[in-house]
Amino acid sequence: MSIVEERWTELADIKDELAARDWFMGTSGNLAIKVNDEPLQFLVTASGKDKKKRTAEDFLLVDADGQPIDETQLKPSAETLLHCAVYGQTDASCSLHVHTVANNVISELYGDAGKIGFKGQELIKAFGLWEEDDVLTIPVIPNPAHIPTLAEEFKQHVNADFGAVLIRNHGITVWGRSGFEAAKLLEASEFLFQYQLTLHQYKR
Amino acid sequence: MSIVEERWTELADIKDELAARDWFMGTSGNLAIKVNDEPLQFLVTASGKDKKKRTAEDFLLVDADGQPIDETQLKPSAETLLHCAVYGQTDASCSLHVHTVANNVISELYGDAGKIGFKGQELIKAFGLWEEDDVLTIPVIPNPAHIPTLAEEFKQHVNADFGAVLIRNHGITVWGRSGFEAAKLLEASEFLFQYQLTLHQYKR
Amino acid sequence: MSIVEERWTELADIKDELAARDWFMGTSGNLAIKVNDEPLQFLVTASGKDKKKRTAEDFLLVDADGQPIDETQLKPSAETLLHCAVYGQTDASCSLHVHTVANNVISELYGDAGKIGFKGQELIKAFGLWEEDDVLTIPVIPNPAHIPTLAEEFKQHVNADFGAVLIRNHGITVWGRSGFEAAKLLEASEFLFQYQLTLHQYKR
Amino acid sequence: MSIVEERWTELADIKDELAARDWFMGTSGNLAIKVNDEPLQFLVTASGKDKKKRTAEDFLLVDADGQPIDETQLKPSAETLLHCAVYGQTDASCSLHVHTVANNVISELYGDAGKIGFKGQELIKAFGLWEEDDVLTIPVIPNPAHIPTLAEEFKQHVNADFGAVLIRNHGITVWGRSGFEAAKLLEASEFLFQYQLTLHQYKR
C-alpha cells in the first residue's frame, strides 16, 4: 500500500466513525490528512459528497494552496483553506471539521466572549492538561461568509501541533499529530460541550 | 436494471438510512420518488408497513392522482396527495415526509406564527443560501384531519424544485431534485430544529 | 417451523429491535407473545437474562397462570402476571413492557393525575384515533412492590385488544393484536412522551 | 480456551457494548476483570488505546499492585489502582469505569452533598433493592489529580462485592460479582442519572 493509500484508508475509517454518529448532517463537515511534508500534500474531502457512503471519490490530493495535484473532476471542499492553515503553520498531520448541535449552540452562547474555558473536568486530559488547576480554553471565532477572511481569522489560533477552534454557528475544527489524536480531541470537545450545556440547565 | 428498479433501490436506501435514525416511529412517515415524467409516475410508500424492514412490498407505483398503476393489493400511503402536489407543481424527483420529536415540537412552537426563520446558521447552505444575510424560512401549516384539505394548504407552499414545509404536529415534508438533495434538506432541517430547541433553553 | 418456533422468532426479532434502542437498561423489561388460545399458552421472557443477546433461553412457555408448561430451570419474569392479565382479558396476542427515561419521567409527572392525554398529535393515529378532536388517554397506575397487587391495579385498565398503561417509575406496558401492533404502540407512545417532555420545556 | 482467554473475551465483549454507546469519549474509561484469586491477577485496559477497536493489545495482566505480570510494552491504565482496591477488598470479579455526560453532570450537581439517593425507582432493583422503601445511595467523591490519593478516597466506599461510586467530573466506577452484574449496574446507574436530570427540569 502506498503512503497515499494508507492515509486514505486512515481518513476513510475516521470518516466512517464520525458518520456513524451523524456528525455530517446536511453534507456538512470536511476532513484532511497529510500525505507528504515537502512539498506539502494532503488529502481533503471532495465537495458535495454523501459522507455516510465510502467511495473512491471521497477525497482528493491537494497542495499547500489547496489546489488539486492530479487532474480530476473533483472539487476540494470549499473550506480547504482552513486545512491549509493547519499544515502550513504546524506539524499536525490530521484536521477534522464537523457540525454538532452541541458545538454550534456552544459557539453561539460563547461567541461574544470569544472563547469557552473548562476547568476541573477529567476530559481536558485529552488535550494534555493533567494538573488540577489546568484550564482548557477553546477560542470561538466569527463566521464570515468569505472563506479567505475566515481562514485569516482561523490562522491566528493555530499555533500548536494540536488544538481546537470553534467557528460561530459553523462547527468545530480540531487538528492533531495523528488521525487518532485529532479524533480524540473531537470526541473530548463534544463531551465537554454536551456536559456544559446540560449542567447549564441546572446551574446558571 | 430498469428505471423502476433503479429508483426503487434509491428510495429503499434512503428509507434504510432514515429508519436507522428511528425517524419512522409508530409506522409514521412516507416517501416517494419519481420514475417517469409524462405520464407522471412515481413510487410511494405502501400503507401500514414496518419501515425498518426492507421488502418487495415497501413501495408501489402510482400515477399523477396517486392511484396505483398496476393491479396490486397494496394501498398507497394515506398522504400520497402531498407527494402528487410536489411532482405536479415542480421538477422535484424525490419527496420525504418524516416525524421527529424536534420537528413536531418546532411545528407546535411556531405554528401560530406560520413559519420559522433561520439566519446566520452555516447549515442553511444546504438550501442554497450562501450569503451572510440570507434567511431560510420554513412555513408551518395547520394539520386538518381531511387529507385533501391538507394537500390544498400544502400546495400553496410548493413553488420551487426543492423545499420544506412543516405540518403542525405532523412532521416535515421535504422535496428535492434528487433523492440525495431531498435527504440533505431533511438532515439540515432536523439539525436546525434541534439547534433552535437547544439554544432556546438558554436564550429566550 | 412449529407455531411455537414461529412465535419465538417473532418475539426475538422484536426483542432485538428494542434492545438496539437500549430499552432494556439494567436488565429491565419483559416481553410476551401468545402461542395458543385454549388452553392459553404464551411465551414470556425468562428472568435475569441479558436482552441484548439472542439465546435459546430467552423465553419460556407458560400457562394462563404464568406457570412453566415444560420442565425447565428457567424462571418466568417476575412480572408475568401482567401478561397473564392481558391474555386472560382480551384477544391481544403480544404484550411488551419496557423502561425508557421518557416513559418513567412522564409517569412521575402525571402519576398524581393518574393519566396523561394527547390531542392534536398525528401520532395518536397509531392507536386508531383518526378524528380531529380525538384524545388518547394513557392511564398511570401506582407501583406497589407486591406484584399481585400491581397486577390487580393493572387489570382494571385492560379492556380492549390493544392499549397502553404506564406504571409509576416502572415503565410502560403495551399490548396489541399482533407483535407488529404492540411494537407500533410502544414506538408511538415513546414518541409522544418525548414530544411532551420537550414541549414542556418551552410551554408550561 | 485458557481462563485468561475466557476472561479476555468476556471483557472485550463488554468493551464493545459500551463502545457502541460511545461511553469512551476522548479515550476516557478503563475496564478490569479478575483472572485468578491467589495470587490476585486481573486483566486491565492498556493505556491510550482506541476502545472502539478490538485488538490484541487492549488489555494486559497485572498483579495485586497493578504491576504487569508478563514482560510487555503496554502500560496499565493510569487508574489501575482503583481496580486494585476493588479486588483487594471484595470478592468482585469485574470493575468498569466510564464517563457519560449524565454521570459527570450528576457528580457535579451532587458533589458537595457527597452522595445521591434514589427511592421509588424500579431500576434500583438492579442493586438488589426490592422493598418499597429501599433507598439506593451512590457516593460522590472528590477528584484529586494525584491517583493514589484518589484511590485512598475511593477505597473507603468499597465494602461490598458489588457497588458504584461517582468521582466528581470523572465518571463512575462500578463493580460486580460477574461481568454481567457490573454491566447491569452501569446501565441501571446511567438510566437513573438520566431520569434524575430529566425530571429535575420540571420539578425543582
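Order of writing sets the labels: A, B, C and D. Residues in every chain begin at 1.
Quick note on the criterion: a residue touches a chain if its C-beta (ideal position, glycine included) is under 8 Å from a C-beta of that chain, and two chains touch if they have at least 3 such contacts.
These figures come from a predicted structure and were not determined experimentally.
Chemist: What is the minimum number of touch steps required to go from subunit A to subunit C?
Modeler: 2
Chemist: Specify the angle of rotation obtained when superposing subunit A on subunit D by their C-alpha atoms, rounded to a multiple of 5 degrees.
Modeler: With C-alpha atoms aligned, the rotation comes to 90 degrees.
Chemist: List the centre-to-centre spacing of subunit C and subunit D in whole Å, with centres computed as mean CA coordinates.
Modeler: Subunit C and subunit D have C-alpha centres separated by 31 Å.
Chemist: Can you compute the centre-to-centre distance for subunit B and subunit D, using the mean CA position of each chain? Integer Å is fine.
Modeler: Taking the average C-alpha coordinate of subunit B and of subunit D, the gap between them is 44 Å.
Chemist: Find every residue in subunit B that makes contact with two or more other chains and list them.
Modeler: 201
Chemist: Draw the chains as points, connect those that touch, then say whether the picture is a line, ring, star, complete or other.
Modeler: ring
Chemist: Would you please name all pairs of chains that touch?
Modeler: The set of touching chain pairs is A-B, A-D, B-C, C-D.
Chemist: So in the complex, which bits of subunit C are touching subunit D?
Modeler: The contact residues of subunit C facing subunit D are 22, 25-28, 50, 52, 99, 101-102, 104-105, 108-109, 143-145, 167-171, 197, 200-201.
Chemist: Note which residues of subunit A are touching subunit D in the complex, please.
Modeler: Spelled out, the residues of subunit A in touch with subunit D are 17, 21, 120-123, 126, 130-132, 180, 184-185, 187-188, 190-191, 194-195, 198-199, 201-203.
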